[in-house]
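Letters are used for the chains, namely A, B, C and D, taken in the order the chains are written, and counting of residues starts over at 1 for each.
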Amino acid sequence: MSTPILQTKSLCRSFGAVTAARDLDVTINPGEIVGVIGSNGAGKTTFINMVTGYLPPSSGQILFEGRSILGKPPRAIIRMGMARSFQVAQLFPELTVLENMLIALVAAEGPRPSFFLPMASAKRMRQAKELLAEFGVERFGDSVVSAVPQGARKLIDIAMALISTPRMLLLDEPTSGVSVEEKFGLMDTVMRAVRHHGVTVLFVEHDMEIVERYVSRVLAFYSGEIISDGTPAQVFADEKVRELVIGHGHGTEKKRNMA
Amino acid sequence: MKNIVQKTLAVMAAAGTLAAMPVHAAENGKFRVGVVTFLSGAAAGPFGVPSINGAKVLVDALNQGKVPAPYNVKGINGLEIETVVIDENGGATKQVEEFRNLAERHKVDAVVGYISSGDCLAISPVAEELGVPTVFFDCGTSRLFEENKTPRYVFRTGLDAAIDNIAAARYLVDSGRKVEAIAGIQQNYAWGQDSWGDFTAAIKQLKPGVKVTTEQFPKIFQGQYGAEISALALSNPDVIHSSFWGGDMEALVLQGNARGLFDKRSAILTCGESALDRFKGQASNGLIVGGRGPFGAFAPKNTLSDWFHAAYMAKNEIEPTYPAYKMVQAILGLKAAAEKAAAGKAGTVPGKDALVGAFSNLTFESVSGSVNMSRAKGHQALQGIAYGEYHYDAKTKKASLKNIKAYAGECVTPPDGTTAGEWIKAGFPGAKCGG
Amino acid sequence: MIHIDRSMVGLAAATLILAAAGGFVPDWLAFILTLALAKALVVQGVVLQMRAGLVSFGQGLFFCVGGYAVGMGGHFFGINDAPVLLLAGALAAVALAAVLGLLMTRYRDIFFAMLSLALSMILFGVLVKSSELGSTDGFNVHPATFFGLSFKTEAYKTALYLLTVLLAGGGALVLHLVHHSGLGRMWEAIRENEIRVEYLGLSPRWLLYANYLLAAAFAALGGGLTALATGHIDPEMSFWTTSGEFVFIALLGGTSHVAAPMVAAVLFAFVRTYAIEFTPHTWQMILGFVLLGIIVFLPKGLWSLVRSEKRAKA
Amino acid sequence: MTTFYAIFIDGMIYASWLFLVAAGLTVIYGVMRILNMAHGSFYAIGAYCAASMVGWYFSDFDGNPYLSYLLLIGCALVAGLVVGVVIEQGLLRFMYKRNELLMIIITYALLLILEDTTKLAFGVDPYFTYQPYALLGRSDIGGLAFANYDLLLVAVSAIIGLGCWLVLNRTHVGKVLRAVIHDREIAVAMGVNVRLMFAGTFIVGTTLGALAGALTAPSISVSPGIGVEVIVLAFAVVVVGGLGSIEGAIVGALLVGMTRSLAVHLAPQIELFVIYGVMSLVLAVRPQGLFGRTLARKI
């Protein structure tokens, strides 16, 4: 059996009296597409934050391709081959879309960018444009990010994450803030790109339709614990999941800002 | 690219037009004097404004020919005086810039001004370089002529601050006070540090074995001296010396007096005169004050000083303090030198070299009596200085000075060729103190 | 690899025009331009930090280090060559920044502004306490030589003017490259979203450290040139109001082009000189209104006038 | 032993003055996120108004001298109110969308303008209005005399500190204010009139600044530049304590005041560095100040 790409052992984290992660044991193998479901505050984003080094766990182990990443800052973990997207797209709002991509391209080349060679080299311009085309947002290239619609921003956010050629990608609610008409188109684009790059994916999602359509395996979170793990059909059939997660009015319409 | 070139050219063109604008013909038949003093900041109230008011009173009267003899010739050498007033606030770099403007853009015939020692030190080489006759009226740093050893265009009609402190030490000893333990409170900058250094050196010469109980150096313009006053009081000295000036000095006196700091001991304020009329009952009687020379309340009675006092009072409705006298003295010196240099050719501006030639070693009459430009190769005024005790009469609500003791210039001024510090350490060799 | 663009050609041309103008303009104007361009170098550093989202109220610290290095080099070490002194100042500032940067790069926003202010005020305090350095009176700087050549009064001023123009122009050219380089654009990225930069695999602290050092070097160069021009240095260079003036000029010009600080510094010098002359009692008020006017009507600085014009044409 | 008393009392007096000066600054920052560089100018305006009115009262009236205290406070309230309303309504309310650092610069411009305005209005001659200070006499504590006015200032300062704290923590207005401090957008969504809260806070802040000036005026000589001097001090106190926190301002003032008093009595040579030293040390160890909150960014 090959080494799991991501493995956590008894991962715990609490915020004061609130427990966001309790003894999480997760194993993800290369090539899997895993969906994470759970109501607000179930600990989904906390899980991503811990795995990418943004939040230190209270206790437990995190292994990426068999190596511990505990205590490493996000930048080091990114360089090891993990990337993530964000619930609210984390871009450079006053720069153009193309500039956003160019910056990500520069970053992917190494931790010490040149102080005199121009960022907008012909090679990077070409790469950036290709990427934007792959994600179908090339028409926004010269617009400032803050003037670009939500859906496109989410795509750009994911495109930037893929520039570092990760082996694993964590997507934090890729369709939140995206209109109903757009969401399947967006997910199709993302998944096509992900398969094209051969990346293992874990994504947090509220929308059960999305989860059902795109994943091979589902983890259901409730109150910091995993209450179910299996194929979509298995998990959705689980009584506890039906009661605690799905029955909970898992709507994006009730969006609250939970860290 | 066009933009940058266009912009550069536009800025330069704009600069050129602006530059051309205020330059009148230099020969407009007037004698143009740059006057630089504090118009804003903390030094404006106690020094800057009295001095500019003094300048205004004198220049107006000179232009109308109303000043008593020997200054009854209109303006300077018959030419109307035109002043260009510049604010001294903003630091030495800015002052150098403004001085160059005065010299090269306004083409002034002379500059009178500068209170801050730092400004004087910075201006002095520039004045020499540009060849502008420059009269420092107030700044007291000993380093001025120690650094500018061969002055040509730079003059100082005010006194070196070392003199204030040598005379202060002499006054304390001569008045027979108990001077065994001394304490000082000085503003923490060059002026305060130098004053305290000179004073302690001098008093140790005059009274060997004197002990320093505490030396306080609060930040300048601090205004709150509670802790310092406690520390001074607890160290229980016989004498407290302070070179505080302006608002700081007034605050120290007020806060110290309210806490009885000056009750059982002597205190000497080298710049105390400038607040004589504001202290009222808040300064204890017997407080020793100085006026940085024979100025203000220490000015001798003569035709000039009587005239100036009356003219100043009429215009400003307040007693002129020492900065006003010092400014007037500088302008009078300039006038005397210019007229001597013109050698009877009324209505002309004398050449700059002739002017400075006439100024060096000049003796001229002033509101403080005769002034003799006999130190620093004829560029530094030699004058006496006086200290006295503050007394306030609650009935008349008038303050006056008692037990005034004046010291001749020769008694308290180091001779040429030696620095103040060396002279004090050597025991004042050659000092002529008379009686 | 380095693409020569219109801005660079323009900058080079502007530098040459300014240098050539040195032969024609009156001395006082040359002096104001010298001081203004020296100041512009410092402001370039402030702008550099602003592009990374940091506002320093303590750039006077490095300005002062540069000035004192020039003054002390002449007084205590017998070094009298201007380029050597300037280099020494810049190195001293970079060395100091290398130490302070370890601390400063932990701070953002107001905390960065306040801590930078505190650090420059500590230097101010140290200098006030140093009577060997003339305390608040400071001391006069020895006239310097230029690459071993010494000049008499008039030629000296011209030589200094030329050196300043070349350094300001050359500095701007270098910064133009830096601003468009990978590193330069990464600073903007930090200003926009630091977390994203971290998630791109870079260390914002390291990037800002480089920024801090570069800004310090520029401030020291400006300080050194100012000291040579005025012939005098004092601790006021490190007082917070001096730093405030740099921020003022940076805002006046805006951060969008390397020429902006130079134009703004020259303009500021004229506004101040004429304000002092025509309204000696209220010149600060005039500066205040100018600053407010810029913020309200031209939030991106004077350079936005040029920019918007360009956009309108395009 | 006396030195020990002296250090403590001097430290308390200085700390209470520092708190007076810093209170308005921290209130404005706490609610509005404006680090107000013009705060010193409000202090100066308060001092000038009080000094000129009290001076006029004593020279042209023969009234009860104790009434001058009422005049002192009255002047500060009126001056703070007028200046606060004019600046908030005339300028700041158009600027609330701007970024925090730009607000510093806007208030820096205000400082430049107000400095000269004060000079135009009051001239540059010092105002030496000692009567309220001298009237109260002095007390002997452990062999050292202290001015009663200064001791009274400690009490006044404590009352103001307590007042601010009570308003913030024990009243309805305080509850609303804390909501605004916590999250401006949510507060708006909850129907809080943020504009009104801002206007009110700014006026309270300027009035506190003016009050500090007015209460200080009798013990100093009021002259140009006093405002600029207090800004950096007030900044230091507020930054040490934690921007925007009243408790922080109290603790910051005590820390700076006591340290300075210690330095003056035991090591006068280092007095100049004390304030910046304390500030740098606190920031190095606790960047957000002693009582400051860190907000981790939500992603």
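To be clear about the criterion, a residue touches a chain if its C-beta (ideal position, glycine included) is under 8 Å from a C-beta of that chain, and two chains touch if they have at least 3 such contacts.
Being a predicted model, the structure only gives us computed values, none of them experimental.
Asks: Spell out the chains that contact chain A while also contacting chain D.
Replies: C
Asks: Have a look at B-D versus A-C and report the one with more C-beta pairs in contact.
Replies: Comparing A-C with B-D, the pair joined by more C-beta contacts is B-D.
Asks: If you average the C-alpha positions per chain, which one ends up nearest the average over all of them?
Replies: Smallest centre-to-centre distance to the global C-alpha mean: chain C.
Asks: So the centre of each chain is just the mean of its C-alpha atoms; given that, what is the distance between chain A and chain C in Å?
Replies: 43
Asks: Taking the mean of the CA coordinates per chain, how far is chain B from chain C in Å?
Replies: Centre separation, chain B to chain C: 35 Å.
Asks: With chain centres defined as C-alpha means, what is the inter-centre distance between chain A and chain B in Å?
Replies: Chain centres of chain A and chain B, defined by C-alpha means, are spaced 73 Å apart.
Asks: Mark out which residues of chain C touch at least two other chains, giving numbers and ranges.
Replies: 128-129, 195, 281, 283-284
Asks: Residue numbers in chain B touching 2 or more other chains?
Replies: Expected reply: 39-40, 188.
Asks: Two-or-more-chain contact residues of chain D, please, as numbers and ranges.
Replies: Expected reply: 115-116, 119, 269, 272, 299.
Asks: Could you list, by residue number, the parts of chain C that touch chain B in their complex?
Replies: Contact set of chain C toward chain B: 6-7, 9-11, 13-14, 17-18, 21, 25-29, 31-32, 35, 128-129, 131, 134-140, 153, 226, 230-232, 234, 236-237, 239, 242, 259, 263, 266-267, 269-270, 272-274, 276-277, 280-281, 283-284, 306, 310.
Asks: Flag every residue of chain A that touches chain C in the complex, lowest number first.
Replies: Spelled out, the residues of chain A in touch with chain C are 52, 54, 73-75, 78-79, 83-84, 90-95, 99, 102-104, 106-109, 111-121, 160-161, 163-164.
Asks: Using the touch definition up top, name the residues of chain D that touch chain B in the complex.
Replies: 2-3, 6-7, 9-11, 13-14, 17, 115-116, 119, 123-126, 128, 130, 133-134, 138, 144-147, 149-150, 216, 219-226, 229, 260-261, 264-265, 268-269, 271-272
Asks: In the complex of these two chains, what residues of chain B are touching chain C?
Replies: Against chain C, chain B makes touches at 1-5, 7-9, 11-12, 14-16, 18-19, 22, 39-40, 84-87, 91-94, 96-98, 100-101, 103-105, 117-118, 121-122, 124-126, 129, 141, 143, 147, 188-191, 193-194, 197.
Asks: Please output the residues of chain D touching chain C within their complex, sorted ascending.
Replies: Residues in contact with chain C: 35, 91, 94, 98, 100-102, 104-106, 108-113, 115-117, 119-120, 228, 232, 235-236, 239, 243, 269, 272-273, 276-277, 279-280, 283-284, 287-288, 297, 299.
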